[in-house]
């Protein structure tokens, strides 16, 4: 591969993406391995450098669990779902907003760019309502479980993001929402990223995760391009199954609602973000209408 | 007092303050008594309603101490000063940013206005350096004490505040700063409020605290107006002494650097903020050049 | 009544009215008693101070009559209506534009604000046509009377007002209109104020007059709030009658055509204008849709 | 003269004057002969049509005298100067503002353009102070005479004119000023026009009067171009004398203070205004630096 | 004819045309007689001076023929139509763009105004397709002739003209177009001028040619005003015939497509352009809807 | 070389160059070999795609000579310098403007971007004066030679370029200038490019030529970075000599007058333009202050 060929291939993408909005969900190892996080941040800053409007949304489940244990508060799960009582929410909020979010902002500052960390209650960015009790299988028995202070997004007011993007900040969003009575609620970060991408009319949503993308049945090949209908068919046929389904759901909703493309990319490999965006073939799975 | 007289008195102030920036330091009981905090927030939102650009800066010492104790981490003080080791800083940051700051943002949202909570590392708002070791009297002996992760503000970049104020958000600032290597530092909230007021070219700085203002020697009368030189003379003559001196220092620095007036007001009495601003006599102490 | 309560009550109104347009008809004693006029002007200027866009419209019947008598010209009335021959019109125009209007402008200048006095022919503000002869009862006989140089407003071009308001002037309007041939016509000031409020899309029209507002049948209580349909019903039922009907007509037309509220307020009592606008109950009658 | 030659001659002037400000003092017969006034107004409107910003300033001495006489008030003169007592001022103001000014506005409206009539107290356009008593020869004796409510201009605030010109109105200014206490004063219209031209940074001042311009000693030839120094020399040498001196003074002051050229033109001859501006030679006297 | 009458007649036209766009086709002797060209250019610059947005479109047939002969390349015509082979096109392009166009730009620069010369391939101004073979009578026989590199305009992108006009340049357009494959094509200048006038939403199209306008049957009188329907009827009736038909076609298409008026004017008489535009009667034929 | 490394290396340059102006002189084989020209144009368009403001300046000596010969006009040289008589100038202008310039514009259009071809007389871009007679060695004898219609640039008015760049056109400039009398002059394209870069305050000037850059004495290594003072010293020491000196002169003048860097790059190798700009080492010589 000659340098000039890489450049000839990349430059048209760089032009095409200039001024476009990209929402990146940081997940997987990036949330626990500082050196992976740093590489991902550096790539995201490069996207900012070539003119993209970058919004980062992060999760933080493992860190919340770790901090709870450190504080002697036992995490409770029913049928695999975390129960978020008031104390758990307070810890989650402190970890997500006061630790992880601030940490990402500092990393971006270290790359020479300015970020502003917010959560969903800032500027009423994410309005949610408490999630209805869920039917969950516990052992053999299915029961209704109240997940506690967990929310479903009802409305997104992206104005604070527009305001920060217009001033060339990288907004970093923690997955906390506010309900109509001003109470905080914990929310799923994948969903938050997708809803934000939709509300911003983003050009791309990238879900940085621990897998290489959507694979064929024998898990040897990544599908680099997937139309929404193909993805739906593959889910129906059981080719896409298990943990990949929730990863894809946000992407599919985004594409259905005006986001031009949504990507599932393995964030653990260095510079995958750049390769996915600036090469013809990409490295993960790109979902389009 | 007739209604029309109150109005005739207040309207010219309202006109004069329209579009002006006011930085309010929330301290004292407001930080621990939720109902006082709510009243203060409501008054601050009314200021926003009549056209002022409001910036809130909050502290949180007592809550940090409480949370440390809850987590089994013993707060350390030498000669009255808190020693902030790495663990203490992490807890302070989580409490200030993830709990208090978010809580204030939610209260403001409940008043029908939008706020955005940030800390000093967002948009490089507050750049600090680690504070030099301080000479402190411990018992009879003076010794040099390294306070740990505590910072002195070196530079303020108010752009993120301008950006948020221009979009009619109320920025709520937690007293955390960032050093040139991207590390967080704990900072004094009074100082942060004063530095922010200076950097914004604010019209007013209001320090909401637990005392009624600067008093005469026998502590019966509040000085409602004080010129900077008078304050300096009273400090020199020992009339102003003790805990009032640090409360006044930020105010004096602000007035010396272009803030038109700085106020020390008892935030524990309802609506003192409004009475200080919109009546001829005021209720606390107003310091001017 | 505590000061803080007055402020808490007033501030939301002040916010709500900021930047809104208010048209005030000056009538009653304000037109003949200089000290009442000065108080009213001072209140109007305070409205300007808290961000309202204020337009004043004045009458001047008594002064015109006085000047005619001083000039040895006998005012003629048929069935209570003034007959405006060419000479009367010239005197009216000189008194309204050259004396009363200029006097109000000077009073406003004395309050530290700038006003510009215009009449309806400036910038083609008020285009009128000569009024059709009216059927009037003279003694027992009804006859048709040509009122002379009196006009009905056909069209309002508010651009000159927008231009002056945008530059923070208070426009002061004399009730003279121009017909399509460039001839001046005398017009009713109440009607002029209502038409101007409609053309400006004003938020409020206030008719400052000599009575306290719309009262109940035994004239002891003022109706502080009245819906348009209620007012119509009360006129139909004869509860509102006599001199109040013409005072209400302009207000009703304004409210029917997009002005959010129209007020009948006694301008002879000090500061009634402020109390009507900035207290929950008000002092006069507020008409809304 | 062929049409195309007139056009070739005029077009460059039209280009040069586009967007430029011209202040025209209307005086002489135009103030008493309606048909002359109409012609002059029509020409002024044509100037507006080809892009000039036109400001009209008018006098009205003869009409004031006539109205005083009609009202049985005897005009008083000492040594040829009018004494303006309070009653005289009231009449002057009514005639100038309420009659002449409104009349000119109506004439302009008839030409299809919009004008706004103001006097010097509107928007604090002309701030004056009462003129000092003047030394006047009465018969053989020189005595000090207090002229009454007559003012000298101290300050011009042209903002209201800029505001109206920006909206394409032709401002028409009556020679009334306001003093610092808000009292009206009568002022000289020639002086008012010159001061307004200076404050606007006008390109041209045109004094439309009853004579053909500055003439040579035997009054047969008009000097079409005159440098300021030439005019000064001619006054020194007595070539320019008598009634022409006061006519020239405002022009000379204007040219000294940045107005590019000032013209004395006979307004009684039809279209002299156009011929003076759009032909190489002109018809009156053009004074330049 | 008095000067003032010419001015009174012309000024309203000057006002009316201010800021309007006029497309002028330079043809006839102006393309071969340098002194005529200079006069026409000077008139066009005067139009620019009085605020019109002027676009010039030129032809150049005779010069192309002359240059071809000088280069020993024989011009080929079939049935009166020029056959444009590749070599002919190259010569045409060099003459039109490199010689005539540049020459006009220089003449305009000499008049003190700035021009920019472009051809239809600049900014994709004129997109054309190769013209279909034409049926032509050669002697007695009609045959199909391929005219070679000659184009029909398919699309006009006037943005480059808007851009230049907004900066006060006079664009000068050579009649070369570009096809969708980026090849140059020769086009008819009359058609190009009409299409450009339509695309610009021009106010006027002026075809400067060698005849005085549309004449009556015995060729003694020019029709100064002609409605589109009249022109169509006259063509139908054979009153307009011969060489005038192609001259009128562009004008008729322009008027049909939103250009307010199109003129056929004899460009060989001095200043006809000015007389046509700025006198009531005009000198050529004005076609309107 | 891995793709991601090329991207990591290139992206910061792309960011740095965004919105910057680059002037590219097209010379060497690009002017005679269509396929090289096409590659160069494609690269230049890619620069436009990633946000650079691209200006192209071209020469055309060999084509002029060829065309002269085709037209039977013998090119004349004295001491190696071309003598440009009137006929030569006409041919040069037709070739440069009517053929080469238009051809480049068409190539750019084919790449999907819009260009506008101009020469130095458009918008008075390049004002020149006739060059003084030069002392030239002819054989053994030095004599003074008048080069004819050849100009030296006196003044650059870049407004037409700003205007076109602001609308995202690529301006293509032919090396023709205009003198103060409106006459065309032939100018050196290298000099024109340098003067244009200076007048635009360009960020970069790139001279695409036939050599790889400045080389060391034994011509094996290219100096990739050269400070201005180094280049001057190398010329003084004779290391840089011969044909490289005129190539460097424009670059040195540009760098001396505010252009951040000037490059000599071999335009005959594919994509050298991209490699020079977007790799750390580059391929040619970059001259900086």
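Order of writing sets the chain letters: A, B, C, D, E and F. Residues in each chain are counted from 1.
We adopt the following convention: a residue touches a chain if its C-beta (ideal position, glycine included) is under 8 Å from a C-beta of that chain, and two chains touch if they have at least 3 such contacts.
For each chain, UniProt lists the protein as follows: A, B, C, D, E, F = Acetylglutamate kinase.
Nothing here was measured: the structure is a model prediction, and the numbers come from that model.
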Topological distance between chain B (Acetylglutamate kinase) and chain E (Acetylglutamate kinase), in contact steps: 3
Shortest contact path, chain B (Acetylglutamate kinase) to chain F (Acetylglutamate kinase), counted in steps: 2
Under the over-half criterion for shared residue numbers, do copies chain D (Acetylglutamate kinase) and chain E (Acetylglutamate kinase) use the same patch or different patches to meet? same
Could you find the chain whose CA centre sits the greatest distance from that of chain D (Acetylglutamate kinase)? A
Would you mind pulling out the distance in Å between where the CA atoms of chain D (Acetylglutamate kinase) average out and where those of chain F (Acetylglutamate kinase) do? 61
Cα centroid separation, chain B (Acetylglutamate kinase) vs chain C (Acetylglutamate kinase), in Å, comes to 49
Computed distance of Cα centres, chain D (Acetylglutamate kinase) from chain C (Acetylglutamate kinase), in Å: 36
Shared-interface residues of chain D (Acetylglutamate kinase) (touching two or more other chains) are none
Pairwise touch network: line, ring, star, complete, or other: ring
Show me the residue ranges of chain C (Acetylglutamate kinase) that touch chain D (Acetylglutamate kinase) in the complex, using the header's touch definition. 70-72, 90, 93-99, 101-102, 105-107, 109-110, 114-119, 121-124, 159-160, 163-164, 166-167, 169, 176, 178, 181-184
Seen from chain A (Acetylglutamate kinase), its contact residues with chain F (Acetylglutamate kinase) in the complex are 1-4, 6-8, 10-12, 14-15, 18, 46, 49-51, 270-271, 274-275, 278-279
